[in-house]
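These notes open a run of structures that come right after.
Next come two complexes built around subunit A: one with subunit B, the other with subunit C.
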Partner chain A sequence: MKHPSSYRGRLLPVLTILVAIVSIWYVAAVFMNAPFQRDLDRRGNVTRTTAEFVSATFSQPKPVLPAPHQVAQNVYENTFLRRVTSNRSLVYHSWVTLSSTIVGFTLGTLLGILIAVGIVHVKALDRSLMPWIIASQTVPILAIAPMVVVVLAAINVTGLLPKALISTYLSFFPVAVGMVKGLRSPEPIQLDLMRTYNASRAQTFWKLRVPASIPFLFTSMKVAIAASLVGAIVGELPTGAVAGIGSKLLAGSYYSQTIDIWAALIAGSVLAAILVTIVGVAGRIVERSMGGRPA
Partner chain B sequence: MTASSSSVVSARKLGLTFETNDGPVHALSDVDLEVRKGDFVSFIGPSGCGKTTFLRVIADLEKATAGEISVNGMTPEEARKSRSYGYVFQAPALYPWRTIEKNIALPLEIMGHSAEERRRRIERTLDLVNLTGFGKKYPWQLSGGMQQRASIARALAFDADLLLMDEPFGALDEIVRDHLNAQLLKLWARTEKTICFVTHSIPEAVYLSTKIVVMSPRPGRVTDVIESTLPAERPLEIRETPEFLEIAHRVREGLRAGHSYEE
Partner chain C sequence: MKRLQHNWQPLLAGVITAIAAARLPLTLPEAANPVQGGMMIALVLLAAVTLMLTLEGPIPRAAVLFVGAHLPAGLLLAGLSGNEGQMSTAFFLMIAASWLLAWACVSELSQIEPRSTAASWFLRLLIPAIFGAWILVIWEAATRGAGIPFILLPPPSAIAARIAGSLPILWADVRQTIFKAVLIGYVIGCAAGFVVAILADRFAFLRRGLIPVGNMVSALPIIGVAPIMVMWFGFDWQSKAAVVIIMTFFPMLVNTVAGLSAAGSMERDLMRSYASDYWQTLVKLRLPAAMPFIFNALKINSTLALIGAIVAEFFGTPIVGMGFRISTEIGRMNVDMVWAEIAVAALIGSVFYGVVALAERATTFWHPSIRGG
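Moving on, here comes the complex of A and B:
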């Protein structure tokens, strides 16, 4: 229960893992980049000490595996040293991806809630819809994404919306499943109580089912927002998109700009972490305002 | 329906059979009972004797499959729809996202009382259950006994004349239970409600009731109905008087006659 110790208790393990990852990453970078460096040195007739060789593997312009500091430098430069409107700015690309993530997430959450309400209230929907919803998530999104983009382009829907729809496709699922569970979470005794008041279905819904489902909503929204981001990035891959984290990844792989690819990955991860945290904090604020016991 | 005007609950040959995969279960069979206005009726018996089921039939939470029953001269469904009773469950069933006063306001909101009226009634019922000053607390901030009192306040808030209580103090320790029993009697005297009270505690039944209905299982049925001879004024010490022990003895005999001690 003591705050400082729980803070340290959470920070220390995370930092330990981080140090471990970075160390392994450095070692791996040496080994992965060594063959090319040896090749290069042989052709250039250069002989190096081991230390020089290792440091050379850390500073190739297009390494197989860039060293952490190369990625960090790239992220720093492209985040803070460029104009936000520049095509090389990670902020710019993140913003493009973020905007379609948010639109897709919003649509997905609304759709998920709508489906859940339908499933909970209409028995026929419960039987007919649920298997399809589950089946929808077994289809590989990488296969669907190009088709969605192409089909929508054929009817002149381009730009943000196709990407957002792919996010929607990925994010409605956790919300629908979570909300079905949430709307069904009231105990029999709480439902009986409503019955003794002769409450209407609408009253039972708004005064019991909805408030009872709020914790479930935020838990599933955390999953959904991460899925939305993946959807938006995947949606940018087949579109030949000119902007966004996905296009940055694609361009990086075309031109073997490995450092750029890793930088875009980092940008995506940071974005995901920020988004999940925002949803988590919003959830905690709402739960606190609904009389939640402070943890 | 031949029930007299003062009859609140009247059951004739009432039966309820649940169809299960293991064959029919006779939860209630041939129950005849009359609850008059102002009565405090306890239903006592071992698990499976149908006492809770009977209460749920009165409340229209279960449907009888045989016989007839009237509540306030209506069918249970009509009685429920005209909000004739307040129901107190085994657990407080307070909504955790509502404060105590908001919980009490719940039935009032559903029944469409004005904000002004709600405030007045919340104040009055909180006072009835001695919880004045706790209205702004959330349920988890209250002890189990206080939560159950809040749930009684909620059942009282909309002024139904009939109070159905299903082992409301079953989960509480004996000290708290004694205290709440005494409070409940005072409340009953103040409000002149008719109370149907399910319990599995003999002292609780004898202490509270004007009428004790002894039930036994398989099939769930009434084996004895005991009219209490105890005075209306009942301090806790009354439980050591010969008269009290006499009635308790008769209840125990009734339970034994129903073979309820056999397992």
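Moving on, here comes the complex of A and C:
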């Protein structure tokens, strides 16, 4: 089947939606900032034409809803125009969040794989642990984030590790569940073949189960890395606004710096998009090098 | 050899108990309230091991192990009172021995293949329950036996006492966070996601534009909008409900759209041959076929909604609410209250999830994953 040209078929609808979002955003910015601006003008005895009034709502220093170009300008200034070590640089804050995300994600993935291997091989673990793993995710885990950070700070463990632990907790689950599914994905006929080869359990594991589970691993790692970024951001909330995207959000909300909040949000989103893309590309490379055919 | 391999947990437990029996008493010499009867507990453990090794068949063995693990554990925990942080090595060895017996018990139980559905249900509940109980036992024994600071990790008994002691506060928090923010936000968010998904299904252009955007947004840290919502809608529950709406909207949208394409082309052709129009096909064929996907979204959202509401409360609340309580009590180092709040949240999260799962079983009874289970 031939796809319609990629511009008409895919790009155009997405662009239309994005343009629609931005226009709605502008209109909303006018209406949400209007009351304050009208108040300001009345007190300053300024009379404006409608066009002037609209442009004034786009340039308030602390708007209720900043216009997209204000946010874009803030992101640009804080990303490219400041030194990376500066306290106001988004690169610096993103780096702080990124480092704990990566550490937590790595730990979580390893833990998830270990649990999955245990569950697949030990029947008692499967029956007793699996329900608890699922139950652990029905719990609003992020609620313990502040406690983990504060309690670990009380015994002088600060900095990267507490945040990374929260990320670990959030990211181990998708990996564990995905890997259990993946390690069990070989069909009975393939397992029987291994038996006819007189393969040991270890050989079956390394030569059949592990290769079969790789696509599942990367799919769940995509979910896991997004989750561990959320964990890192929330983990930064109670640290008293030191550094990181989460503390930037908190500081912005304390001082009503709406533009800063939106800029931090954009930074977090860009970070998430980059991380998920990297995992996706790595997955495709690994699958191709293992001889997988594109589906 | 095979027998040895199969029974290594009880055998190891026997060895550990023997070592512990040689190192009695259970408490350190300076303990305030020395415990006698350590020898008796050791004998119970050893008796369980011996009896279990002579029996055949998983059911009697599991029964012996069940009693042999939990009776000593209960006695050991009872001996803790008044002796916090003053337990000897023998105490921890015996806890380890009874834990090994419990593990062996779970292993035996996993081998039972029950014929009746009731027995199978019972086993599916019992095995995880033993596991969960032992997490609590080891937690209690470690925190109180070794005297871990209360701030770091309060023992489960203290948390339970705190829950029982502050029910009115907990209830007020639950009413604020769950019944106002979470439920209202969840219903509106899921309904909105569903309606937009139907629209996207009706208009292909909208679908091709919305789905990539929706997929991207699902990976973003949406929780970050919490401070903005608090600024817009004020400190009360409305802002939390708004966060919940945004968080639950996209999973519902993406899953419902995916589900609407789940009906096979054969069935669709059949509907066409009946001359059914778009809405008839939607209601009678495609929505029922999409139910597993929709329930998947409802399940994901049940957790997301709780997280959204609690985290949004970290950014500002009236002086009630689960997130508020967690962030203020941790500031005052009342960790037992925080744990109590988390236990309540966990309970509500599980109940919420369970209700959705039960509704799923009732609605999608035809689906292979439920019919076959």
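Note that in this section the second predicted complex is superposed on the first by the 280 of 295 C-alpha atoms of A that agree within 3 Å, B and C clash if a C-alpha of one lies under 4 Å from a C-alpha of the other, contacts with A are read in each partner's own complex, and residues count from 1 in each chain.
Keep this in mind: a contact is a pair of C-beta atoms (placed from the backbone, for glycine too) under 8 Å apart; a residue touches a chain by one contact, two chains touch by 3 or more.
All values derive from a computational prediction rather than experimental measurement.
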If touched residues of subunit A are counted for subunit B and for subunit C, the larger one: C
Quick check for you: in the superposed arrangement, does A:158 touch first (subunit B), second (subunit C), both or neither? neither
For A:237, select first, second, both or neither according to whether it touches subunit B, subunit C, the two together, or no partner. second
Could you say whether A:59 touches subunit B, subunit C, both of them, or neither, answering first, second, both or neither? neither
What is the contact status of A:252 with respect to subunit B (first) and subunit C (second): first, second, both, or neither? second
With the two complexes superposed on chain A, say which partner A:23 touches: subunit B (first), subunit C (second), both, or neither. neither
Please indicate which partner A:273 is in contact with in the superposed arrangement: first for subunit B, second for subunit C, both, or neither. second
On the A-aligned overlay, A:86 touches which partner chain: subunit B = first, subunit C = second, or both, or neither? neither
Which subunit A residues are contacted by subunit C in one complex and by subunit B in the other? none
Hey, which residues of subunit A end up touching subunit C in the complex? 9-10, 13-18, 21, 32, 64-65, 123-124, 126-132, 135, 137-144, 146-147, 150-151, 154-155, 222, 226, 229-230, 233-234, 237-238, 245, 249-250, 252-253, 256, 258, 261-262, 264-265, 268-269, 272-273, 276
Partner subunit A, residues of subunit B touching it in the complex: 59-61, 80-81, 83, 85-87, 89-91, 93, 95-99, 106-107, 109-111, 138-140
Partner subunit A, residues of subunit C touching it in the complex: 103, 106-107, 109-111, 123-124, 127-128, 130-132, 149, 151-153, 205-210, 212-213, 216, 218-221, 223-228, 230-232, 302-303, 306-307, 310-311, 314-316, 322-323, 326-327, 330-331, 333, 335, 338-339, 341-342, 345-346, 349-350, 352-353
Per the contact definition, I'd like the list of subunit A residues that touch subunit B in the complex. 187, 189-190, 192-199, 203, 207-208, 211-212, 214, 290-293
